[in-house]
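These are the structures, in C-alpha cells.
Heads up, the next two complexes both have chain A, just with different partners, chain B and then chain C.
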Partner chain A sequence: MADGALVEIADLTLSYAGVPALRSVTFDVGRGRVTGIVGESGSGKSTLGAAILRLLPPAARVSAGRILFDGRDLLSLSQREMRALRGARISFVSQDPLRALMPTLTIGRQMTEIQFRRGDGARRKRLRAAEMLDRVGVPNPEQRLRAYPHELSGGQRQRVSIAMAMMMQPDLLIADEPTTALDATLEAQIIALLRELQDEAGCAMLFVTHDLGLLPELCDEVVVMESGEVRESGPVERVLTEPVSDYTRMLVRCDPARVGQKTRRLPTRSGNPDVGDVPWLGPPERILRHDPPMLVVEGLDVTFRRRSWLRGALGAQSDFIVQAVKGASFSVAHGETVAIVGESGSGKTTIARSVLALQEPDRGSIGIGGVEVVGRSPRELRPVRRRVAMMFQDPIGSLSPRFTVGSLVTEPMLIHGIPVPDREREAMRLLDLVGLDARFAERYPHELSGGEARRVGVARALSSSPELLVADEPTAGLDLSIQGELLNLLAEIQEQMGLAILIITHNLAVVRHISDRTIVMYRGEFVEEGSTEALFRNPRHEYTRMLLSASRHLQSAARAPADRGNEGAERPLPDP
Partner chain B sequence: MLAFALRRSLLGLLVVLLAVTTLYCLVHAAPGNPIDILLGPRGSPAMKAALEARLGLDQPLPVQILKFLGSLLEGELGIDIKSRRPVADLVLERLPKTIALLIASLFVAAAFGIPLGCFAATHRGSAADRVVGVASVSVISIPPVIIAIYGLLLFAAWLKWLPAVGAGERGDMADQLNHLILPTLAVALNWIGYVARLVRASMLEILNEDYIRNARAFGLGEWKVVYRYALRIAVSPTVTVLGIGVGYMLGSAIFAEIVFARPGIGKLIYDALLVRNYPVIMGSVLASTVILVVATTVSDILNALIDPRIREGQES
Partner chain C sequence: MNATVKTATVPAPSRDAAWRRLMRDPMGLFGFVIVSALAASALFAHVIAPHDPNAIDIANRFALPSGDHFLGTDQLGRDVFSRTLYGGRIALIVALVSTGSAAAIGLVIGLVAAYGPRAVDNAIVLVLDTMRCYPTIIFALAVGPLFGAGLGTVIAIMVVTTFPFYGRIVRTQTLALKKAEFVLSAQSSGASAARLVFLHMLPNIIGPLLILASMDIPIVIAAEAGLSFLGVGVKPPTPSWGIILDEGYRSVQHTSWLVVAAGIPLVLSTLGFTFLGEALRDTFDPKLGRRF
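Then we have the complex of A and B:
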C-alpha cells in the first residue's frame, strides 16, 4: 500500500448549472480512518460523496481541483476505469432505505449480481450473501434472500444496504446520512454496526451527516461544511469542544441535545443571549389548571382492518386486524404542551388523526373544549374543527402549489366562514405573527425554504384562531438551527394566545425543551406518562429507558474503543 | 402470483357479464325494430307476432337477457337475420383476422416505441432526443384513417409494393403477413409515438431513483443498469396503457378493415350496423368486449410479474 492518505481532495470546486455547490474544498481521509462530514442542508456534503464516486447529476461541472484516491486522480479516469473502482474499492450506502434497493428483484438476486466480478459460482455467491446478512444482524438470512425489499422493515433494509456495501470489502465506504430516516433506537443500532464493521474490515469511511450527536460515536476526524465551503476540520473531540469557526460554534450551540439546561427558548442561528439564563422551573402560570381541559381523551381504541371485498361479501372474518391504539386516555389543558413520543408504528399519529376527527375510533371519547366529537356527523363537527388546527409534517407538500402564501394563510378563515374584511391585511398580520416579511405574501410554496414553509404552516394553523394545535413531527427534516427557531416560535405563540398544543414526535431532544408533559407510546399503548422533567430524570418503564439510552448513547462524549460490543445486533424489545 | 392471476381473471369475467347485460339493454332500447326490417313494410301483425315469438322477443326483458346469457354459455350467439347462419360461426371466422391485426399492432408499438423512448431518455436534451420528441408528437396526431388511406395510395396504388385489399390467401402465411403490413401501420403508428413518449417520461423518472444510482455505485455496467434494471420498472405504465389501448386499437381496426376491405370483426360490426342486424351486432360487439377484457387482464398480470409489490396490492 502506498503511503499518505487514502483520499486527498484538493481545491475541489463544483457547480450545478452555474450555481456553485463546492468551493475550494480540501481535506484528506486517512487509511482506516473515519471522517465525518457535517453540515446543514445545502452545504454540499452529499455532493462531495457523489463527486468521489463520480455519480453526479448531469448538470454538475467540476471547474477546478482534484480527488486523489490512492494516488490516482479520479477526475481524470475514464468511465471504464472509474467503474472498476465502484463497488470494488469504493462502496456506498445511501440515505433512504426505502429507496435504496431495486424494488423488483429479490434481496438474494441483488446481492449476487453485485458480486459479478468474483469468479466463483452462484451457490458460493449466495452463501456469501447469507453470511453477510447474518453478520449485519438480519434474522433468517436464507429466507430473507428470497424476499423482496418491500417485505422488509426500514431498519432491515438499511442493514441489507450495509451488508451489500461491506460485502465488497472496500477500501473506502461512503455513507450518506445512513440513519437519518430511522428511529432513535434503530439509529443507535446502525451506528454501532457501522463502527464494528469498519473496525473489523479496517476500511476508511466517509460519514456524511447533519447530526453532530453522531460524530463522537463514529468518527476520528470531522469536516464542517457550510455553503459548499469547509469551515473547519480536525479531530472530532477538538472540533466539538473547542470549535474555532463561528459556524461550528453556532452548530454546537443549536443542538438541543447539547443544551444542558432545560430551557424553553432554544438557541438559534441568529443567537439568543438568554440561553442558559432562563431555567424553566415548575409548572408555568400559562397552564390554566383550574379551567376544564381543552382536550380530554378517554379509553380510545382504534383498530385497522384489511378486508378483501370477496371475503367481505362472503361474510368471512377480516384478513387481519391491527390494534393501533389501545385504551388511550389523556388530557391537554389550555396553555399546556403535551408530547406523545414513540417509534414509527407505535400509534401516535393515529391518536392525532382521531383527535382531528380524521379517523373514527372503535371505542372511547374525545372531548374538545367540552364537546364530544366521536360519532358526530361532519356537519356537527364544523364548529369544533374551527377550534382545532393541524400542523403537518411535510411542510411544502401540505401547501397547495398553485396558491400564493398570502391566500394560503387566510384560506382556513374562508373555509370556516370567518368574515375577513381585508384579506390582505389579515395575511400581513399572520405573517408578522410567525416572523415572516410581508414580501412572502406574494410567493408560491416552491419558492420557500423548509423553515419558511413551516412558518407558513404555523400561520395557516393560527388563522382560524384555534385553541388547540396538533403538530405531527413539526421539526422532522429541519436543520438544527431552524428547528430551534420553530420551537421558539411555537412557545412564544403559546404564551401569547394560551394555546393547548399536542405534539407527536420521535425526537426526544425536542420533547425535552418544548413539552410540559410527555406520554411514551409503545405498540399502541401508553407505557409511561408524566411531567417531562420527571420522565427524563427518572424513567420507570423499560421501554422509556431504552428510548432515552438510545438518544443519550448518541450524545456520549467520545468514541471509546473499549465498549465496542455486539451492539449492532437487533435487540429484542420489551413487552409493553 | 397464481392467486393474483385467478382474482384478476374472475374480475374480468364479471366485467364481461356486466357488459353483455348492458349491451343487451342498449340494443333493446335503440330505435328501430328488427322484425320490421326482416318482414319489410308489408308484414301483417299476425306475421310480426309469430316472428317475435320465434325469436323470443315477446318475453320480458330480464327473461330475454337470462336466456341470452344461457345460450352464451353453450357457445350460441343466435342466428344471423340475413344469412341465417349461426352468428358464432361468423364471429369465429372473422376473429383471427382482427386478433392478428391487434397483436401485430401491439408488437409494432412496443418494438419501436420502447427502444425509441429509452434512447431519448438516455440521451436527454440531445438533438436525437428532440427529433424523437417531435416525430412522436407528429405521429400521434395523424388519425388512423388518414394513415390507412394514404398508405393505401402510396404503397399499394403507386409503388405497388404491398397488396391493397383483403387478408391474403387462406393457408399462405407469407401472403397473409403481406396483407397485414398496411393495416398494422394504420393502427400502430399513433401508438409508436405514444409509447415512446411514455417510456421516455417514466425512464427519466426511474433513472433518477436512488436504487439506480446505487446500482451504478456497485460498478454494474451501464447497459445492465439501464436496460435490465431501469427499463424493467419503467415499462410498467406502458404495459397498462397498451392493455387499455387495445380498446382504441379496436376502434382504429374498424377503419383499417373498412379501408382495406379486410374481413375482420370491425368490418362485421360496420356491415351489421348498416342493416340493424342485431344478433350479429351483439355477437361481434361481445367478441370485441372479450378481447378488451382479456387484454387488460393480461396487462395486469404482466405488471404483477414485473413488480412484486403489485401482486400484494401495494402501491408501487
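Then we have the complex of A and C:
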C-alpha cells in the first residue's frame, strides 16, 4: 500500500445539473509529490479539488469513476468517514483568505478550534498555534493570535490559512489558486513558503492554478485540463518544454512571460503564431513627441478621509486619513502607451479616477488636451469627457446590467449629442471594430463571458472617439489566451486612431510587451519612471528591483532547493 | 473557456423566459393562481356574490355552509361568502394603495437621501429611523381615533408606518450603486445626474423594491383586518375581513364557524402573495436567475 500513489483518480465523470464538468479524468498524486492542475476558467480544475474533499454543490452528480485516497474510494465513504478525513488527512487552502477565515473569531480561537481532535489542553493548543504562525512567517505570533482576520494584511491572512491547513499534518494539501488574490511579491513569498512546508512535512500537494509560471517553481507533475478533460499530464519540465497536446502548446505560447523578446503583439489562442515573434523596434513613429502631450499631470496629491458626521459636528479630527497619491507628475503623449505598475493599495487606481474626474484631488493639476480638469463643474467637464474614456477593472460589473450591449456601446454618443442617424448600425460598426458579432447587440452584460465583456468595454470606450484611453487592470480576470487577443486589439486600435493609452496594472509580464514607458508606484509615490525597455533591463530603485525579481523568479525554471533558503519569510519592504 | 459555446446556450432574458420560469416554479404558480382568483373575485364581487352583502335575514342567522350560503351566515343572517367577496375589495384597495404609495414615497426619499448633500441624508435617516421605531398597531391605536375610523385612516396609517422601510432600502441600494463601476463608467463618459439616476440606478433599484412590496402586501392585508378588528379601521356595516372576523369573535359562543370562515380568505391571500413575492424574487434576481 505504502508504495502506491496517495490519490488515484480514475475515469472521474461529473456534471452540474446535466452539464458535464469533468469527463473521464484520470491521474495520480504520488506520496510527497506536488501535482499542479492547470487550466483556464471553466476547465473544471477547481471542481476536481472540491470533488476530492466531497464538498461539491448539491447540483453536482458523479456518474462514473473513483477517487482512491490511500486505497479507499472517497466516493463510497459516509459523511461521517469523510469528516474524519477532512482537515486531518486532507486539508484545503482557498483562493480568498478573507472569506476562508471566520470574521468574528480571533485567529487564535480558530487555530485552537481546529485542533479539536487532539486531547491536549487549551494552553498546549495555543502554544502550538503560535509555533505554527511563527513557522509560516507571521511576525509576533503571540500578539497575532489575538487579532481578527480583518486586522491582518492579505499576505498574512493567506499565511494563517496555510498554517491552519498544515497544523494537523495532513497527507494531502489541496491549494486552489492560493496566490491569485495576492501581488507579485507576496505571491513569490507564499509559493516559497508552500514549497518549504511541503518539503518539511513530506505531504502531497494538489496545486490548482491558471498560471503556468508558478508550475516549475512548485510542482513535480502537472495535469493540464480543458473543458473538464485532461489534455496532458506528466513531469512539469517536460510538459512545459515539449508539450504534446495542442492545447498545452497554445497555453505555453500565450503566456506573455514566455515570449522572450519585447514584442508589440502577443500570441493568441486562435493562432497567428509568428505574431509573437515580431520584435519591438525602439520608440515607434506613432508617438507624437513634438505635439503638446495629451495628458499632463502635475503634483497630484489625493487624500482619503473618513470622519463621522457627529464627531465632525463636534469639531473632532478625522479618524482616518490615508494619503493615496503623493506628488504624482507625468505625461502621456498622443499615440503613446504609458503603464503605471505597483501593488494593490499603491494608489494606481486613484490616479486613474482623478484623471477621469471621478475623484477630487487635494492639490495638483490635470490637463487633458490642454484643458485643466481639476475643480471643474460637471457641465464644464462634459466636453473634456468626450476626449477621455476609461475601461474599469471589472469587465462585467462596469456594464450597466439592464442595458443591452447595443445601447451600452452607443450611450456615450447619445450623452455627447454626437449625431447618430442609425443607432443600430453604429452599434454594429463598433462591435465589428472590437471583433464581436452583430448578434451580441441584443445581449445583456450577464450573458457575456469575461473576454466578451472586455471587448464591449473597449467598444463603449471608443464610441465617443476619445483621444485618451485609461485602462484599469485591463487583463484582470481574463484567461491568458483571451488576454493576448484583447491587448492586440488595443494595440491595433491605437495604431489606427493614434490613441494615448494609460494602463494601470500589476501584471508586469504584460507591461513589458505593450507599454512604451513605465512608471513604478509604491505607497502613493512614483519611485521610478522610464522607457519600459530600460526599466526592465536596468531597474534603479530597490522596490522596482524587488518587483521585477518577484515576477522573474516565478517565471524562471525550477531551481535547486538549496537556493530557496528563507524566501518564504515576510521581508521588510524598502522605504519609498 | 469555450466562450462561444457558453454564450450560445444562454437564452436571451426576455420577459417571456422570466414568465415561463415563474410559472414552472410550483410556488410561483400557486401564488399566481390565488392572487389572480382573489383579484378577480374582488373586481367582480357584484357579479359573483349570490346575495347582497348587507341583506339581513334574522330568521336564518348562524346558518352553517349550504348550497345557498357557501360560507354560512352571520349573527344577522347575512351571507358570509358575499361579505367575504366584498371584503376582498377593501383588502386589495388598502393593500395596493398603501403599499404603492409607501414604496413610491420611500423611493423618492431614499434617492434624495443617497444622492443629495450629506446634511440632507443625515436628517432623512434620522427621521426614517425614528419612524421605524413605532409599531404599526400602537401607532394606529394612538393616532387612529384622532382622525376617526375609516378606509382613508387605515391607508394613511399603513403608508406612514411602512414607507420608512422602503426609504431605508432604496437609500442603501442607491449608495451601493453610486460606487458601482457601471455607474462610474457612465459618469466618466459625461452622463448627467438625471441620466445616472433614472437610467442606470433606478432600474436596478425598482426590481427589488417591487418584489419587496409584493411580499409586504399580505402584511398590510393582515394589518387592515387587525385594525378593523380593533375598531380603528373600516366601520361596521362595510364588509371587511377584519370586521367579519370581529363579528365572528363576538358570536363565538353561538358558533365557532364564523371565525373559521373569516380566517380562510386571510390565510389564503397571505399565502398567495407571499409565495408570489418569493417566486418573483427568485425569478428576477439576476444572481439567482439561472437556477433552472
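Keep in mind that, in the parts below, the second predicted complex is superposed on the first by the 567 of 576 C-alpha atoms of A that agree within 3 Å, B and C clash if a C-alpha of one lies under 4 Å from a C-alpha of the other, contacts with A are read in each partner's own complex, and residues count from 1 in each chain.
To be clear about the criterion, contacts are C-beta pairs under 8 Å (C-beta built on N, C-alpha and C of every residue); 3 or more make two chains touch, one makes a residue touch a chain.
Everything quoted here is computed from the prediction, not taken from an experiment.
Participant: Using the superposition on chain A, tell me whether chain B and chain C clash or fit.
Facilitator: Clash - chain B and chain C, as placed by superposing on chain A, overlap.
Participant: For A:L399, is the partner it touches chain B (first), chain C (second), both, or none of the two (neither)?
Facilitator: So A:L399 only meets chain C here.
Participant: Determine, under the contact definition given at the top, whether A:L55 touches first (chain B), second (chain C), both, or neither.
Facilitator: Once the two structures are laid over each other on A, A:L55 reaches chain B alone.
Participant: Comparing chain B against chain C, which has contacts with more of the residues in chain A?
Facilitator: Of chain B and chain C, C contacts more residues of chain A.
Participant: After superposition on the shared chain, which partner residues are touched by A:R83: those of chain B (first), chain C (second), both, or neither?
Facilitator: first
Participant: First (chain B), second (chain C), both or neither: which does A:A100 touch?
Facilitator: first
Participant: So, A:P378: does it touch chain B (first), chain C (second), both, or neither?
Facilitator: Second partner only, chain C.
Participant: Does the superposition put A:L215 against chain B (first), chain C (second), both, or neither?
Facilitator: After superposing on A, A:L215 lies clear of both chain B and chain C.
Participant: Scan A:L358 for contacts with chain B and chain C and give back first, second, both or neither.
Facilitator: In the superposition, A:L358 touches chain C alone.
Participant: Select, from 43-51, 115-123 or 133-141, the region of chain C that bumps into chain B once both structures are placed on the shared chain.
Facilitator: None of the options clash except 133-141.
Participant: Report the residues of chain A in contact with chain C in the complex, numbered from low to high.
Facilitator: 39-43, 226-227, 309, 353, 356-358, 378, 381-382, 385-386, 388-390, 392-394, 397-402, 411-412, 415-416, 442-449, 451-452, 460, 464, 479, 482
Participant: In the complex of these two chains, what residues of chain B are touching chain A?
Facilitator: 7, 124, 209-211, 213-222, 229, 232-233, 306-309, 312, 314, 316
Participant: Over in the complex, which chain A residues touch chain B? Could you list them?
Facilitator: 50, 53, 55, 58, 79, 83-88, 90-92, 94-96, 99-105, 113-114, 116-117, 148, 150, 161, 164, 168, 310
Participant: Which part of chain C faces chain A closely enough to touch in the complex?
Facilitator: 1-3, 6-7, 10, 12-13, 118, 122, 180-193, 195, 199-200, 203-204, 286, 289
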